[in-house]
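Labels run A, B, C and D following the written order; every chain starts at residue 1.
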Amino acid sequence: MTNKIYEGPKAALDGLLFDGMTIMSGGFGLSGNPESLIPEIRDSGVKNLTVISNNAGADGFGLWMLLQSRQIKKMIASYVGENKLFEQQYLAGELELELNPQGTLAERIRAGGAGIPAFYTKTGVGTVVAEGKPVEEFEGQLYVRETWLRADVAIVKAWKADTAGNLVYRKTARNFNPNMATAGKVTVAEVEEIVPVGSLDPEAIHTPGIYVDRVIKSTINEKRIEKLTERKREAA
Amino acid sequence: MTNKIYEGPKAALDGLLFDGMTIMSGGFGLSGNPESLIPEIRDSGVKNLTVISNNAGADGFGLWMLLQSRQIKKMIASYVGENKLFEQQYLAGELELELNPQGTLAERIRAGGAGIPAFYTKTGVGTVVAEGKPVEEFEGQLYVRETWLRADVAIVKAWKADTAGNLVYRKTARNFNPNMATAGKVTVAEVEEIVPVGSLDPEAIHTPGIYVDRVIKSTINEKRIEKLTERKREAA
Amino acid sequence: MAWTREEVAARAAKELKDGFYVNLGIGIPTLVANYIPEGVDVTLQSENGLLGIGPFPYEGEADPDLINAGKQTITILPSSSFFSSADSFAMIRGGHIDLTILGAMEVAANGDIANWTIPGKMVKGMGGAMDLVAGVKKVIVVMDHANKHGESKVLERCSLPLTGAGVVDLIITDLCVMACDKANGGGLTLIELAPDVTLDEVKAKTAAPFTVAPALAEAA
Amino acid sequence: MAWTREEVAARAAKELKDGFYVNLGIGIPTLVANYIPEGVDVTLQSENGLLGIGPFPYEGEADPDLINAGKQTITILPSSSFFSSADSFAMIRGGHIDLTILGAMEVAANGDIANWTIPGKMVKGMGGAMDLVAGVKKVIVVMDHANKHGESKVLERCSLPLTGAGVVDLIITDLCVMACDKANGGGLTLIELAPDVTLDEVKAKTAAPFTVAPALAEAA
């Protein structure tokens, strides 16, 4: 088997990056972000990126780094709130933004991986999202046509990988990661632990190894919490 | 919580069956068939069924029963070979048949569950499958538009269910079952074992309970093998 | 006396039925979880990939890999399951969620809702709101009846960019509850008043036509 | 001397490259798994929902819940994973499988293939064949060069209903190997002859125009 395990972020991205490319980056908020690969993209100096990700990081963290370094030309996302830097650059006209409903974004990515160039959804009918897109009636309801999204490289964060590239995610850090893993021409996964084949339950693989080209162990795994909400333990 | 566990096949289908209805039935060949629910549909005497299933059973087994009893008006399937009864009824004009490529069938069912009335696929372009359907070019390639499939009732076979209706399937008996579970107005699952909530790994649920309305323990669980292929153990 | 935020949440909670699968938006909608009626078992969905949201974690037990769509740390329940974003929105878009409760900036008599952007002022994004209003079986809006300038947020037509067109079923404000007949192109009916709020007050503060439910009309 | 079924399978196996993900059809294609070259590691996909097909089970160990797309009992490998039919065909349709090897009733010079039906005679269905030829990166056909009536199965145009249009990359028959330039609308090139099979024999038995690869032309 061709070896999928790479020694670190630099090796895992070697030869994959070029100016003007499209990158998908997993995560929801700061949960399930490829924290080790993003700084490596920053350090590579690659420019004019189109980045597809649900969010754009938060102050100092995640894709925020690539905004700060002005490597991103265009974001395709569903929510970029809680990110002052984004707002600044966008309002100054330095950044293109294509906002997608979150479910449409997820489905477009799934479609990209599944060989489906377009599909119809009720989401966004009668809103700016549907402007300029074909709208058609099926069974008495209106639906808007959306197209697939694919990327030159998808970077994802998983919990564990085996040496065949099979991935499992942890809790809600799964989010967009499995869908993006299917939609990159090349998919690079960073994981908390690399295990031998046979260690993962074949009934519970979230991303089959066929979708994963390169795997590294995370070198940064900070997992910042955006909104810590807790409750007090009742007195015994 | 409304109780999803029913005492047997008859109770689980009570009130759901009517003449002319559409039923989805999971399984690939004789693997992962809802073996207890199919005979109950036969015994109910419901007529003029449209049945959506990858295959149509095999001699004496699975959906073959509903062919024999002439309760099926139309089959939507991908492969009905190895079924003489089907061929007879079809060639005699007693049965309508809509053949779908297997992947198109699976995706149409997924689309039915996912609120996607239509999607484009390369599969079948230039063949009879594309006749009468819109064909359109995306990025220099031709794709045909296919529509969703939904059912009045979906019957599926899983390995285990918990009392919240979460399902896990076993090995390749999974096949169409999880997709069909999402596409029935009502979904009835038969399982080999019913376990308390908390017994199944939340990271490895194949069908979340939201899709499952009624659950029974299988009363028939024969699992006939169609093509037994084995190898000899090397002498020690 | 107008309803407080908590009372609005409690009123919304009365719309929950046993066995419902529910998605709650951020803000007042999240508070609804605190008022689920006795004997009513609902399962909360979080669109980032969880069915079965549990309570907030005990102090010191928060897990950064376990958050809701508002990015708050949460816990799970014995019946919970995790899934991907595409699977989560297949669930939403496919009509499998019974009820969603969302905030809004404007709601119109025809069932339109605007809750995601103010052109030129706010660049955030719609997140999952457009999917929820389009896909969920029943859509309830909870909000203040008027904005901070005292202007009605219940309008004949929305002025802000829409989140969804003809999607709202029920509006619960600090003043009253109004039903929207979205299946028939819209039309509001006042069905309930907050204590001591009068029909005249609602009429004065609502910039949309509405009818009054017979029971309320008699009482007035 | 024409190649036997086993030899055709062995020849097809030479097209496998290390790291390939491969889907093998029923019949001769299944035999290809027995001839995977030394040092070449390929992963076999089964469209009913398995990546990583293992060998047949030992006697008495067959599991009815573990079958391939031909409904034969099989085993798994340590690297295997199971998934649903929709996920399986997302993998196929999405272009993630490197190679598929299929049988055929007819193949045409333009890359068309017919392998699923004979109108009025056979009611079986296409199963996953249409998805495989449309979605897999490279499509190889293995078949007898002629049918049982001695008529060429390599044609200028297919006469039977198609499985896919302009999809075939390579044809391996008992007589020879032909490449199809499907990216440019088709056109066959003879690139290899079975031992002792002559160019004239292939010309006589092929009902389609083809060119001869320079290396072969020189040898002739």
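Following the convention adopted for this analysis, a contact is a pair of C-beta atoms (placed from the backbone, for glycine too) under 8 Å apart; a residue touches a chain by one contact, two chains touch by 3 or more.
Computed from a predicted model, the values in this text were never measured in an experiment.
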| item | value |
| --- | --- |
| Chain pair with more C-beta contacts, B-D versus B-C | B-D |
| Separation of mean Cα positions, chain D and chain A [Å, integer] | 36 |
| Computed distance of Cα centres, chain C from chain A, in Å | 28 |
| Junction residues of chain A - those touching two or more other chains | 107, 110, 114-116, 121-122, 169-171, 203, 206 |
| Where chain D touches two or more other chains, by residue | 76, 82-83, 89-90, 92-93, 135 |
| Contact pairs between chains, per stated definition | A-B, A-C, A-D, B-C, B-D |
| Residue ranges of chain D in contact with chain B within the complex | 46-50, 55-74, 76, 82-86, 88-90, 92-93, 112, 123-131, 134-135, 161-166 |
| Residues of chain A defined as touching chain B within the complex | 107, 111, 114-122, 136, 138-139, 141, 143, 147, 168-171, 201, 203-204, 206 |
| List of chain D residues in touch with chain A within their complex | 18-19, 21, 41, 43, 45, 51-52, 76-83, 89-97, 135 |
| Chain A residues within the chain D interface of the complex | 1-2, 110, 112-116, 162-164, 166, 182, 196-198, 202-203, 205, 208-211 |
| Residue ranges of chain B in contact with chain D within the complex | 28-32, 54, 77-81, 86-87, 90-91, 97, 99, 101-107, 109-110, 121-129, 169-179, 206, 223-233 |
